[in-house]
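A, B, C, D, E and F are the chain letters, set down in written order, and residue numbers restart from 1 in every chain.
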Amino acid sequence: MGGRDTEIVLLDENGIRCDGRKVDEPRRIMIKAGGLKNADGSAYIEFGDNKILVGVFGPRDVHPKHMSNTDTGILRVRYHMEPFSVTERKNPAPSRREIEISKVIKEALEPAIMLDKFPRTAVDVYIEVLQADGGTRCAALSAASVALADAGIPMRDMVAACAAGKAADTIILDVNNEEDQAGQADMPIGYMPSTDKITLLQLDGVLTPEEFKKCVETGIKGCKIVYELQKKALTDKYFGNGEK
Amino acid sequence: MGGRDTEIVLLDENGIRCDGRKVDEPRRIMIKAGGLKNADGSAYIEFGDNKILVGVFGPRDVHPKHMSNTDTGILRVRYHMEPFSVTERKNPAPSRREIEISKVIKEALEPAIMLDKFPRTAVDVYIEVLQADGGTRCAALSAASVALADAGIPMRDMVAACAAGKAADTIILDVNNEEDQAGQADMPIGYMPSTDKITLLQLDGVLTPEEFKKCVETGIKGCKIVYELQKKALTDKYFGNGEK
Amino acid sequence: MGGRDTEIVLLDENGIRCDGRKVDEPRRIMIKAGGLKNADGSAYIEFGDNKILVGVFGPRDVHPKHMSNTDTGILRVRYHMEPFSVTERKNPAPSRREIEISKVIKEALEPAIMLDKFPRTAVDVYIEVLQADGGTRCAALSAASVALADAGIPMRDMVAACAAGKAADTIILDVNNEEDQAGQADMPIGYMPSTDKITLLQLDGVLTPEEFKKCVETGIKGCKIVYELQKKALTDKYFGNGEK
Amino acid sequence: MATTSVIDELKKSQILELLEQGKRVDGRAFDEPRKLVIEPNAIPKANGSARVRLGDSEVICGIKIQPDRPFPDMGDKGIFICTAELLPFSHPSVETGPPGPDVIELARVVDRGIRESHMIDLSQLVIEKNKSVVGVFADNVVVDYDGNLFDTCAYAATAAILSSKTPKWEMKNDVPTLIEGVELDIPITTIPVSVTMGKIGNHIIVDPNGDEWDSMEARITITTDSNGNICALQKGGNGGFTFD
Amino acid sequence: MATTSVIDELKKSQILELLEQGKRVDGRAFDEPRKLVIEPNAIPKANGSARVRLGDSEVICGIKIQPDRPFPDMGDKGIFICTAELLPFSHPSVETGPPGPDVIELARVVDRGIRESHMIDLSQLVIEKNKSVVGVFADNVVVDYDGNLFDTCAYAATAAILSSKTPKWEMKNDVPTLIEGVELDIPITTIPVSVTMGKIGNHIIVDPNGDEWDSMEARITITTDSNGNICALQKGGNGGFTFD
Amino acid sequence: MATTSVIDELKKSQILELLEQGKRVDGRAFDEPRKLVIEPNAIPKANGSARVRLGDSEVICGIKIQPDRPFPDMGDKGIFICTAELLPFSHPSVETGPPGPDVIELARVVDRGIRESHMIDLSQLVIEKNKSVVGVFADNVVVDYDGNLFDTCAYAATAAILSSKTPKWEMKNDVPTLIEGVELDIPITTIPVSVTMGKIGNHIIVDPNGDEWDSMEARITITTDSNGNICALQKGGNGGFTFD
């Protein structure tokens, strides 16, 4: 939320955003289940200009052993950006931001996974951001859910994620990079439609309580759009491309 | 011992030091036993403008196991400064200076502790310097002894510590920060009064053999002053404030 | 291969190199077996202005245990340069270059060592470059072979090493520092004479296939010179100085 | 924090049982925070500081203010950085070493709460645009742990900032130079307030203490500014929230 | 890579048995590489990029180009740096954390192949001599592992460099300043080609796949330039080669 | 150091028994140091160096002299930094990796002995006040360990400094520039001498060898300057000293 002076018109007189979208329109989304050869499950997502690969291993043995839990399986998540994924080359070592996002995504996935079905073992989710364009954590979380399903991990539901936010005093769906930099608020949401549960929720920026409510509702609408694409990705892989 | 040119008069014609003290007068000292909720024992010391908290855990199990000793308990000491404790903000990572002081304090405490009474276990002493003003290691060592006693660790005696030094060609007690920077020598001493044993002794700066002897004697006098305050801190906690 | 403009005449009209050598002449080489008190075996080499110490421990137990192999012994090699060994003071932490050279030397030594004779244990080779002058890896490898023999490690043969290269459009033996900086190619070779096996081979710089062949042949000649000096070093130590 | 502490299942079910009866373990109402004690200027030699106790959780925040280079593309803004550390005596389960994901998240959530509220007007902390700005470092150290460090650290950092005076620098010969004897107020625009709620079963409780913290399925931290607007929010924990 | 994978001794002997009959496990001729697929510009927002598949090994290389300080004594040359990372989903045996010796060697061999061929004319990448030069960073990430990463990474880096456009900078007030709207070709002098061969028993095979890689005694990577000259070479593995 | 070596209790009691009879294990008198051999200029390409043997302890110290930025508030002084490293072949118990507390203390004690004696007149090592000064780096590497590294390193560093010549730099265009062909003496004011004594039982012995070192309860290192003044002192070990 730099709130910096900027020449960009975030919303024009016709309610059209700087990248041509309407206020409640997400960016172009493409989700593909599978793709990696060696992972137990995988997924690839393009969300606007975000390009993210997710690979899953597990359930598998935990090393060192004392980190395993006899009562339940454990979930481990690494969110990582490639050096070439952002404008200024990123140092390969994990940043504090990456460590926090790894934790937030892990805690957003845990309510969806039946960890008690595989005690003593671990499921590893590896998220690699190849190209970043604002909203990587939502795109990553959505792809991770598909990769987990592709790996056959028992789940209650998939988590679908999308951000809502505020720019030019308007609540908008799926904040892009310019809107994140020059806008007023960004609120990533992770959501399980079948149980109506929010599993990821963050907010940076200033909202009145009314705007906050509208923002959550808008975000959940976005999550439902993503959810359909997640299901389609799995259907395409496992039952052929039914849309052709 | 910068020995830098300075405008400060370290000792005036009446034998009064830059902070108003006489040559054999320590700074204001306040020691309190206890205070921390979660530690097994603790102490707080104000020594001049030094403010130091010490917490003790143990005897407790050692992880990893192979670091324990079947014949004796082990003592572990960490001396650490807060980022805001010094003039220029300190990097939070432990410096070489902090590692050396941790070792020196550990070796100054060991002769006082009956480590053979708790084989296979460890006692951990955590020293946190909240505000530093010259002479932190002596203040820390004195507070650590009180915290160990507060934790009920079996001890032969407490170690009391105070520095002596040389400034304006005079042997002085309890070197303050200005005297350390502009003075001629600083000699921290740790001392067990009941056995007349010196357990910490360092010197930076130049002394003749005669000055050296006088310096040690002066420092031991300071240790004895500190020792009375250590005992008072424990008496105040365990038998009520008898001075009221 | 900086290929930088330079005033140095690498080869004069009489075929004499910048340090007075002929094209097929190595620098002054001195190898000594033994020398260290605490190592199980050791060697010291001076190769031109290179000065390198090697110490060997083993076969000895491996910690942690799970790194050992029940079928074979393991070889571990550390190549390390002292801070004062090069023109600009070197940071003491191991560089990527040192890590790669450690691996290359390890793999050059392994074919020579009968690792299956000491299962579950490890042999450690520690290489310390005291003064560097171009060609440290060959000098280090040659000295390491002698140190291993001195430690009584069962070996098929010693590995002898020497570089060949190209400067002033000529194939030369034992590239020195100036020739490495201003020359056209450098090719370090490690060689086991008894089995005619090349165990180390690298090349930086541009060679035609014919030059490549000649370069290898030239390097092997150098290795054979070094090999005689390796044997002499061991003979001198174990059977007295036969040349006196 | 204290994620390593394994709470007794019994205690957990007791807490839940009480909540079902409308009661909390320490007798508070569900929406009742613990007693808050703020001691400003606890570290007089820092530029600002506060010692804050929220129930039995205790945090000291010290502020250091010093010239720094601006971030790229942010040459017209001062710098604000907030850190957090659990001192090793704050709980038996705390380990020394670099901060783990829990502590990194804690620091980043507290940082964002203050940053996104625009509490400090960073545009007034510029010494020379694009060259030198004022950096405000708020370092939180946790002295005692009993749950809900998010709010305890947020209150400590906020109170420490409010207590701060900043020195003044001017550029001389391209170097930021201290103007002696001048002390300015920090430019404050609003006072953010952080409130953390935990979810146990279907119950939402404000300001969970240590035992409650270990029993929570999820938590949410909401920061509001002086106008009652929401300026930052973070969901945590491995459970989900329903929105209403 | 994948040094941690223990290949079944059975598979190893099967591979060897087949080789004795003149056959490879996947039906290729001994001198036949696997199918190579190159997708340039896979990461459009990077300055250059390529996604390369060699059989089932897959690598993405992204190029970032930005101003940098020249190396000491190299003030008239731009900078080229090549890295490699095995993404954790590329193989079950890959571990996160700093790169081990295998990956460091991989990166350095790929780097040298390109550097020693003089593929990029670094003398044209100078903004102001001795003060500021252009840095070209080629970061390889391994997406899927099935042997022979040396060639896969080399092809990815080479293709990514060939696809690159570089921004233009000029010195203004001693600072390298981007000239908007200008995009230049990278100065290319030659195209290096890397070929890696493995030795199993007495058989030399080109482009070993994952199973063959685990069975090799030694390998050799040879890089040639557009004129057919050899410009870099690296022997690896714990076996030896005979020269012929 | 070799703190990890567990000395046989038998050896310990033998040493003590002999001391009771007025004898040391190697036949020396209590106040008799071992034979000292100093080889100056052992590393001719360094700016100064010495190889020192004290009994069977052996240390090489190399000096590198190069321009550096002055420390804050010390703009009128050159820089002196002394390090120490135990090479892994110096004793079977030495482990590679970052230095532990023992080695950090060793380096800092040797550093202070030289620094506090004012051996090098740092005020003469200024290139331009507050901008650029001369840095003198004394790196000690331990080649063989047999006790008392404090004195061995101190002698090596002192001899290496005495053997040093320093290049000359002048500021040109704000950059320290080497003046070719000029070599100056280092400005020396005094020669510090370090003496280390160990306490075993009630016996004080000078220059303890390795076995004695492992049996000591406490040690003291005293550095005196050419005038016989004491300029640095450090007590170590987990025992106490009585003052007399």
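As a convention for this text, contacts are C-beta pairs under 8 Å (C-beta built on N, C-alpha and C of every residue); 3 or more make two chains touch, one makes a residue touch a chain.
What you are looking at is a predicted structure, and each value in this text was computed from that prediction instead of being measured.
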item: Least hop count linking chain A to chain B through chains in contact; value: 2
item: Set of chains adjacent to chain B and to chain D; value: none
item: Maximum centroid distance from chain A, chain identifier (CA atoms); value: F
item: Averaged-CA centre spacing for the pair chain F and chain D, given as whole angstrom; value: 46
item: Distance between the centres, which are taken as Cα means, of chain F and chain A, whole angstrom; value: 57
item: For chain C paired with chain E, centre-to-centre distance based on mean C-alpha positions, whole Å; value: 26
item: Interchain centroid distance [CA atoms averaged], chain C/chain F, Å; value: 31
item: Residues within chain F bordering two or more other chains; value: none
item: Residues of chain C engaged with two or more neighbouring chains; value: 88
item: Chain order around the ring, beginning at chain B and proceeding next to chain F; value: B, F, C, E, A, D
item: Partner chain A, residues of chain E touching it in the complex; value: 42-46, 49, 56, 58, 60, 62-64, 66, 83, 85, 87-92, 96, 98, 137, 139, 141, 143-146
item: Partner chain C, residues of chain E touching it in the complex; value: 72, 74, 101-102, 104-105, 107-108, 112, 116-118, 220, 225, 228-243
item: Touching residues on chain A, where the partner in the complex is chain D; value: 1-3, 88, 96-97, 99-100, 102-104, 106-107, 110-111, 187, 192, 195-209, 212, 216, 220
item: Complex contact set, residues of chain C against chain F; value: 36-39, 42, 49, 51, 53-57, 60, 78, 80, 82-85, 87-89, 92-93, 124, 126, 128, 130-131, 133
